[in-house]
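In the two assemblies presented below, chain A is common to both, partnered first by chain B and then by chain C.
After this line comes the complex of A and B, so read on.
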């Protein structure tokens, strides 16, 4: 009986219900997309491994470390493999074609990042050729590159035009791996610098350390830093995760704004839904008075209103959640350059569901209070 | 007509709760709309004011920003002798050779790390940037480990206080002053003697050169001269252009964000407005019939309902702007990824944003009220009076 009344009530004002549903749907959808943007921000953190440590110059990331540290780091207790690399900051044709490009020591790097899957023959070809580079699947698709292509990058940090031969295209082991990066031989960079700018040669941006046991990662990091304490270039070693979190923290103000906005959108739709409910209730005050006269209690009326509001929130919310997935795909097409990874997580969906429920409950609160409180005489005598 | 005007107004007053909810929904949308515009405007103000039109910046070719750039001493000396460089008060070229590096500092509130610009300056650096004035203390003495910090740094970062010292590059540096650079990007920088800093950071090259043009119109000529000289691997930009280019990506990001958010939000608000107006049309069928029977034309009814919805929009718009105007007290400090360094800017409200926001609010009201008003004006007198 209660359920039937709820359904009937929902369908009474088809236009209003449709509009409210559409509003809730759009709000839940945008809430989901905004949460996805936030989780895309943390993609680098998600993809980091507990086994890896990053050592960089303690002053800031733009200062390099000498290559001579390599052997000393390798000698530190607990360190298994050491790789190193530089942020190259090259531009492909135009600045808007931005993608991350690194000069890395290829053999150890591929060993450390086993989540980059590269066919064995391509891997060998990459290792053999000093001018070789490898790129992620998405990046190759973006610029239509195939193995064997010549790629020229214009250096911003290291001046000049740099030519590379594409020798391999890697794919990620799972969806968390960033498939839009570009790697090439650190030796190519270094040997060229020896000729053009000898002062800047033999310098490394970051060292990447593999530790045998992630539980001892913090100790190992501290041990590395102790080795270089009071030297020309002091180091700061942290887990890959906190290194990536550092990048997130840099833009935390923007992140905060997006987070805030994702809640504001829910508040707006609460206002819209509450409005629509309060109108329905006002129109039906006379009927509620009849209910009361017949002996139905306040709780029953409350259930009636809450049920209607929740039903709308659930239907609208489900629509929003379902639409999030195709919308995220469209988003990725347009913003793939900004966010290499853009996936709707389970957590996002749960948040969406909770938000929809909150909208349903909040929208019913005021109208219920009003319907329960109004004296029968006044409600019956009311017009319009 | 004035009767209909009051009819609309009083109707909004009678249905207070609904009016309040609808208007506050619209107010939130206008708030978001205005705040994003204000943020973009604030960013632009900061970067436009940072440079002067008569100054030219010289950096290494294709290095995009000072942080990536490097200018050797020899090349700097060549640029210094160019005839287009203005002469300073002591008869020397008004050109400063500066070093720009980044250090990691912790923010006061969150303790999270941020990259702060350290600028090695020469004596004339203050002269070339008239927008920078020392507000407390004094300028660092040349040849000493003294630094002067920008106002945003003093406010935002741990340990940056007058009289204290900061430790970086294996030395401690005493803060001897705080400078105020208005809303420019310099407020987020730390300045010290260039030669001392170059020693400490072990950087044998300058990052950039900045000079005043003898004649503002000389710029093309000197740019050409610098970029053609085979001894130089440098490029010249007007200081204003240089700072504008640096914020391009961030400005674009803010624009995309603002645009998509506004669209999504306005859908919500228009739906809300429509629901309200449809309901108020449906509730007042009999009233509409009466009005028509009294002789009001269809057009007048249409206008009355449109007016009501415009009032709603206006109410929301004013409320949204009212709350958005308080945002001007806030400063946003975030990393500009193009320069990889911290930049502080504030929300700024001007007349054009106010007008845009109000127009936007009225537009939402109009869109939301359009269909319901047409429906109201289309009713037949007899049907309207009979229904109840």
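After this line comes the complex of A and C, so read on.
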């Protein structure tokens, strides 16, 4: 009987219920999308490997390190493999076509980043050709590139037009791998610089270290930094995760605002749902008085009102959660350049569910208190 | 008919309400016995305290002073929760505006008070069906209140009031919202319940025709009972 009453009460004011459900649905959807934006921000951090360390200039990332450090880092105890690379910052045709592009030492880089899956023939073709490049599956799809295409990037940090031959298209081992990057031979960059800007040659942006035992990563990093202590280019070695978090920290204020907005959305819908429930309860105070007259206690009324509120929250919330997935795909189509990984995570869905339940409980709290507290004769209007 | 003892005993009952800082006495030192099986009409002008007295007898409100015994239980000493349980078992309510739950069918409305009993689902359904049959609405059990006439709704309300076989039935202006024919049907039904089922019914009414159907009548004026042999007057403390 309780469930029957809850269901029928929900359907009493169809327009009001529809509007409230719509509001909850949109709020949970917005909440989910904003949480997904936050997750996307941390995608690089999530994809980090515990086995990898990043060594950069201790002063700032914008200052390079000499290539001569390579062999000395290799010799540090605990270091298994070392690769290196530079942020290239090239532009394809025009600025709006932004994507991440790096000059890397290809053999060691692909060894370190085994999550980039590249067919063997394409890998060999990439390694053989100094002007070769490889791109992620999403990036190739975005610009309709196929293997063999000639791609020209306009350098910003390293001026000039740089021509590459696409030799391979990689795909990620799992959904966390960024498939929108562009890699080419560091040697191609370095040899060109030797001719055009010799002072900038033989300089490396970062070294990427593979450690034998991730449990000793901090120790190994400290050992590397000790090697270059008091040199003209001291190093700072940190885990790949810390390195990525450093980038996220640069935009902390924006993240904070997004988080705040996501919670504000929930608070607003709580107020809207509470108002809707209050209206319903106010209209039915006489009925609740009849329940009390017949001997039903406050607990039963509480369940009746909470049940109605929760039912709306669950239906609206489920709609919101289900719509988050197609909405995220649409979002990705438009903003995929900025958020290469834009996936609705299980954690986001759980947060959405909890937010919907919180809306249901909060919306029912005050009306329940009112319905339970109001004296029967006052609600029935039977004084006299 | 065999004379029975008092099932409702009111002693020196006083009740007042506070309105805008003023205390308005509504009932003054009411002492009254209602015999088991009686069908009593409670009359009086508007504001005389009839509904307040009915609320007190039904355990919907508490007096400022005085004692109310119903079937031997002093209900003035019960807590709110105990009073709710007591009402569920001992009182059947018939309201002027029926007060049926609009989203429940006639059958479900009658079944509603039985949820608070220990009856199984099958027993509940049997009791509700019997009660609806008694008020001759077995063919309307799947109708919602909005699909029934006023008289039919009041008959459903009577079925709901008696389905738990309560100690007393209280009715507040049960014919106040009905046309003459429907009112007659409802009053005849209540009279039958009193005569055939031996139910104790206390009915507040303005309508002399309704009062004539009752077995006894009490008159309230300005919060005191008038012109009845059982009534005694004394000053409220």
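Keep this in mind: the second predicted complex is superposed on the first by the 381 of 384 C-alpha atoms of A that agree within 3 Å, B and C clash if a C-alpha of one lies under 4 Å from a C-alpha of the other, contacts with A are read in each partner's own complex, and residues count from 1 in each chain.
By our rule, a residue touches a chain if its C-beta (ideal position, glycine included) is under 8 Å from a C-beta of that chain, and two chains touch if they have at least 3 such contacts.
Note that the coordinates shown come from a computational prediction; the quantities given were computed from them, not determined experimentally.
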When both partners are placed on the shared chain, which of chain B and chain C touches more of chain A: B
Which of chain B and chain C A:26 touches, first, second, both or neither: first
Partner chain in contact with A:279 - chain B first, chain C second, else both or neither: first
Touching partner for A:296 - first (chain B), second (chain C), both, neither: second
First, second, both or neither for A:180, with chain B first and chain C second: neither
Chain B versus chain C as contact partner of A:254, first or second or both or neither: first
Partner chain in contact with A:287 - chain B first, chain C second, else both or neither: second
Which superposed partner A:271 touches (first chain B, second chain C, both, neither): first
Shared contact residues on chain A - chain B and chain C: 384
Interface residues, chain B side, partner chain A - complex: 17-18, 21-22, 24-25, 28-29, 32, 60-64, 67-68, 101-104, 110, 112-115, 168-170, 201-202, 204, 233, 253, 256-257, 261, 264-265, 267-269, 271-272, 274-276, 278-279, 283-284, 286-287, 332-335, 337, 340
Complex interface listing, chain A residues touching chain B: 15-16, 19-20, 22-23, 26-27, 30, 59-63, 89, 91, 95, 154-157, 159, 199, 230, 232, 234, 246, 249-254, 257-258, 261, 264-265, 267-269, 271-272, 274-276, 278-279, 282-283, 335, 338, 366, 384
List of chain C residues in touch with chain A within their complex: 17, 26, 46-47, 49-52, 55, 58, 60-61, 81, 84-89, 93, 95, 99, 101-104, 108, 111-113, 115-116, 172
Touching residues on chain A, where the partner in the complex is chain C: 1, 4-5, 8-9, 12, 286-287, 290, 292-297, 375-377, 380, 382-384
